[in-house]
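Chain IDs A, B, C, D and E follow the sequence of writing; residue 1 opens each chain.
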Amino acid sequence: MPSAEEWTVVVLSLKVGGVAMMVTLPIAFALAWLLARVRFPGRLLVEAIVYLPLVVPPVVTGWVLLLAFGPAGPIGGPLERWFGISVLFRWTGAAIAAGVMALPLMVRAMRLSIEAVDRRLENAARTLGAGPGRVFWTLTLPLSVPGILAGAVLGFARSIGEFGATITFVSNVPGETRTLPLAIYSMLQQPNGDAMALRLSAISVTLSLAALVASELLARRAGRGFHVL
Amino acid sequence: MPSAEEWTVVVLSLKVGGVAMMVTLPIAFALAWLLARVRFPGRLLVEAIVYLPLVVPPVVTGWVLLLAFGPAGPIGGPLERWFGISVLFRWTGAAIAAGVMALPLMVRAMRLSIEAVDRRLENAARTLGAGPGRVFWTLTLPLSVPGILAGAVLGFARSIGEFGATITFVSNVPGETRTLPLAIYSMLQQPNGDAMALRLSAISVTLSLAALVASELLARRAGRGFHVL
Amino acid sequence: AERKGPLVLAAASLQESMTAVADAWAKRGHPCPVVSFAASSALARQVESGGAADLFVSADEDWMDDLAKRDLIVTSTRVTFLANRLVVVAPKASRVRIPVRPPAALARVLTAGPLAMADTNSVPAGKYGKAALTALGVWAQVEAKVVGAENVRAALALVERAAAPLGIVYATDAKASPSVRIAGVFPENTHPPITYPVARLKTSTNAEAEGFRRFLISRAGKAIFARYGFNAR
Amino acid sequence: MSFEITVAKRLGEIDVALEMVAGDGATVLFGPSGVGKTSVLNMVAGLLRPDRGRIVVGGEMLFGTGVDVPIERRRAGYVFQEARLFPHQCVRANLTYGAAAGVDVTTVTGFLGIDDLLDRWPRSLSGGEARRVAIGRALLSDPAFLLLDEPLSSLDRARREEVMRGIEHIRDVLTLPILMVTHDPEEAERIGTRIVTMAR
Amino acid sequence: MSFEITVAKRLGEIDVALEMVAGDGATVLFGPSGVGKTSVLNMVAGLLRPDRGRIVVGGEMLFGTGVDVPIERRRAGYVFQEARLFPHQCVRANLTYGAAAGVDVTTVTGFLGIDDLLDRWPRSLSGGEARRVAIGRALLSDPAFLLLDEPLSSLDRARREEVMRGIEHIRDVLTLPILMVTHDPEEAERIGTRIVTMAR
């Protein structure tokens, strides 16, 4: 059984990972759709920016987030002035870090599925009177479910495992930003923390495994549409 | 222009990232195929293990690699005794770390594409006399190219950006394991290293961008097979 | 409502000792301080970006200087209250002894295998180690054997797992690990003093902040740190 | 005038061109495989943009100088050469995709013989069943005109007879303009008010 | 005996069953849409496993007690109801997929009228063109017997005539066993040495 302290960490991790995934999912899908379907001038640039968090070390991402969301930053400033919101040292900041790090993985998976959607079906829908919006909601989106699920799992797992950007951006505050990886890091800082670190790692793995199983079950439901013979 | 020192770092990063991607690509594809196509008892377990490096903090992955590949470890021991090979503090170790971290991303993207391959085409090929092996090489594999490309880009980008596992596993040895992220990290540790860190980050981003563009071009070639009307 | 404890940003190497001090403080009826452990560099940057915290405990003077230069700390509250020593560790089973002189003998021992250190360009412990080895006249010979870890604990781990036969870490780390022994101690005059300053941040609003800072530098506070191998200043 | 079509379109190395003016009733498009029949239907439906030309159906200009009505507002009841059912929707959902809310599917499922298939998934349908569902889907979408690309291939005689009667009903009673492709002279004879032959 | 088929298979709520023994020549499988014709072909090709039964073709047991020859060794020349061309290979590569090295594709492309399509991609083919490439692909794979699922639908009269002659040639000169599905009585009459009617 996890101790009360471990429990706090786990609940926090779930909150941060869950919120990060939920909020990032639609953003990621919109980006994936844009990249898959629309040929606009700055396309490659947008793609490069989406991929950035994957490429640069997480510490740099965390640092950039810190600059952007600090009270003097271009996002943090207005946020603070107009809404009185500050994300530094807060779980919301941890969720932002997790979401940003998960974004490239989600976008790539979703884009793959969107590109695999049979355009002929979308054309058929339009002859049946469906405008682009309806086509999107009734065909593109549901037919991309495999990619959305894959993106959600990857994103959730990445969020649950996010460390470098989080500690750089919002520190390691117990109960606010000390998610599982940060707790594990803290344990590893102590010479005798190995056992605890392993324990927490096991919890981490269990959570993601649960997400994995859930997505597999959902994917099985979604997969029934395809011809095999 | 990059300085000679930066140049060393860049070349090393490319070597580590390139080798990691090349070696991991076929392994990832084999795993993706297994997970997509074969229903075997330990399937979910294999999947969970593949996903592990995504979920646990990179530091833990690096630490596990250290235990496994260390002179007393279950892999490092025999490797050392029988072949006289040690990967600790070597670029080969950095490539192993990068490959392990990139694996889950590659597997997921490839699996998505393999699952999207029309089984009816494979059946048609078999009636034409192609055994499972030929069907794999002539249909499953080429029809999964979008996923392979996506996996390769994700994997390369992740390899180029890998930090936590690398520094924990093989340390930060100039010329051997100091890849771009490690060099950037070193810079960020110093109160006045920001400018240098940004410079190196920019190089990092440029490299991945090049990979991105290359994959887009290849994907465009691969995409010509699909019906749009 | 429950009073909230101050938010303390502390260098990761203080993890165990600082937790113990915070617990002791809480036992005296104060709300428990909330301590965030990370690299001094990360914490300092968070403060520089406007993160509102109460106390900053750095593992070196450079980052505290940096904050002072930017006018982010209450200068009068800056106190250097702990010190540490630099040692050479070896796995428990190893019987190696480190001769401090002559340089040739020292170099021979240190170059027997990879030498685990924190990164010598960036991480404080690594920089101190480099300075010490330079002062002892062996850096040129040893440099090629050095493997730089992300932090001191990671360097220690390399020795604990016998990936490296020797490592240079703080005395506090060596003391905390059951699987290594101290094979030698660097003379204090071979490297800049290893000190830990604390200061209250300008953004501090918590009424308990000053009280906890004083407790840290009090005799009782320092006594707890001493149990973990720190030298009080 | 039901159809007034003057189009030209270059596809790879092939030039597809058609000029026709057809009065009320059904027009059968006849011609060898690859001559461009499907391409013409695609242009009328709005899926393929003619290089130049004019398309007027039932008096409404769908394509011409400055005009290019979006696909979904052309109200074509298009039965494609392949079934193109939506794989993630059951047969009932496929049928009602383009229909007004509350439409009674049994008005078409009867003569199409697909009453028993309503809760099935497209992947489990036979070739002819899928084709009939596709016909039903187009008819239920309240079309202003019909585009039928070999709708009766893969139907057995008895079923073909019933579907043909359905089309005749649409032609004669509902008086919708119909443009139909077929290779069967008998079908062409029976359904076509007139026959337009395309040739290279 | 060209075909000796006794199979039963449950598909969802439908029972597909057939019992037939056919001598040399071509056997036409006739029956209403959805009765199970394609399913029978799939079972003979090895794509669908009968719940029970026996399949012997040209004297060789393909399925029966303890026997289940792998698909690729049954050597069926199967023309599917849909074209199923390989989208990433050009027409020539599709045609030679199952062929021995160095086979001359012009032996079939002539009567199929696809000589000009060899370097095209499947996505650019018309319905009838794709179908003809699929026929060519099956014929070039050196089959031991043919399974044809409505191979002539979507072909115009002239082309149909040529392809029918091709099939007759295979039946009479090459004497391959042929099992063909069609809804056209005229086709059935002309090609079928005998007609087997399936019913529910």
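Here, contacts are C-beta pairs under 8 Å (C-beta built on N, C-alpha and C of every residue); 3 or more make two chains touch, one makes a residue touch a chain.
Since we're looking at a predicted model, the values are computed, not measured.
Least step count on the touch graph, chain D to chain E: 1. More contacting C-beta pairs link the chains of B-C than the other of the two pairs B-C and A-E. Once the centre of each chain is set as its mean CA position, chain B and chain D turn out to be 49 Å apart. Centre to centre, using the average C-alpha position, chain B and chain E are separated by 45 Å. In chain C, 157 are the positions where the chain touches two or more neighbouring chains simultaneously.
Residue positions 47, 82 of chain E each touch two or more of the other chains.
Within chain B, residues 59, 63, 120, 123, 164, 185, 188, 226-229 each touch two or more of the remaining chains. Here, these are the chain pairs in contact: A-B, A-C, A-D, A-E, B-C, B-D, B-E, D-E. Of all the residues in chain D, the ones that touch chain A in their complex are 45-47, 70-78, 80, 82, 84, 86-88, 97-98, 121-123, 137-138, 141-142.
Of all the residues in chain B, the ones that touch chain E in their complex are 120-121, 123-131, 138-139, 142-143, 145, 222, 224-228. On chain B, the positions that touch chain C within their shared complex are 59, 63, 66-67, 70-72, 88-89, 164, 167-168, 170-173, 185-191, 193.
Interface residues of chain C facing chain A in the complex, by the touch rule stated above, are 7, 9, 12-13, 15-16, 34-38, 42-43, 45-46, 49-53, 151, 153, 156-157, 160, 173, 176-178. The touching residues of chain C, when paired with chain B in their complex, are 39, 41, 44, 62-63, 65-66, 114, 116, 119, 121-123, 146-150, 154, 157-158, 161-163.
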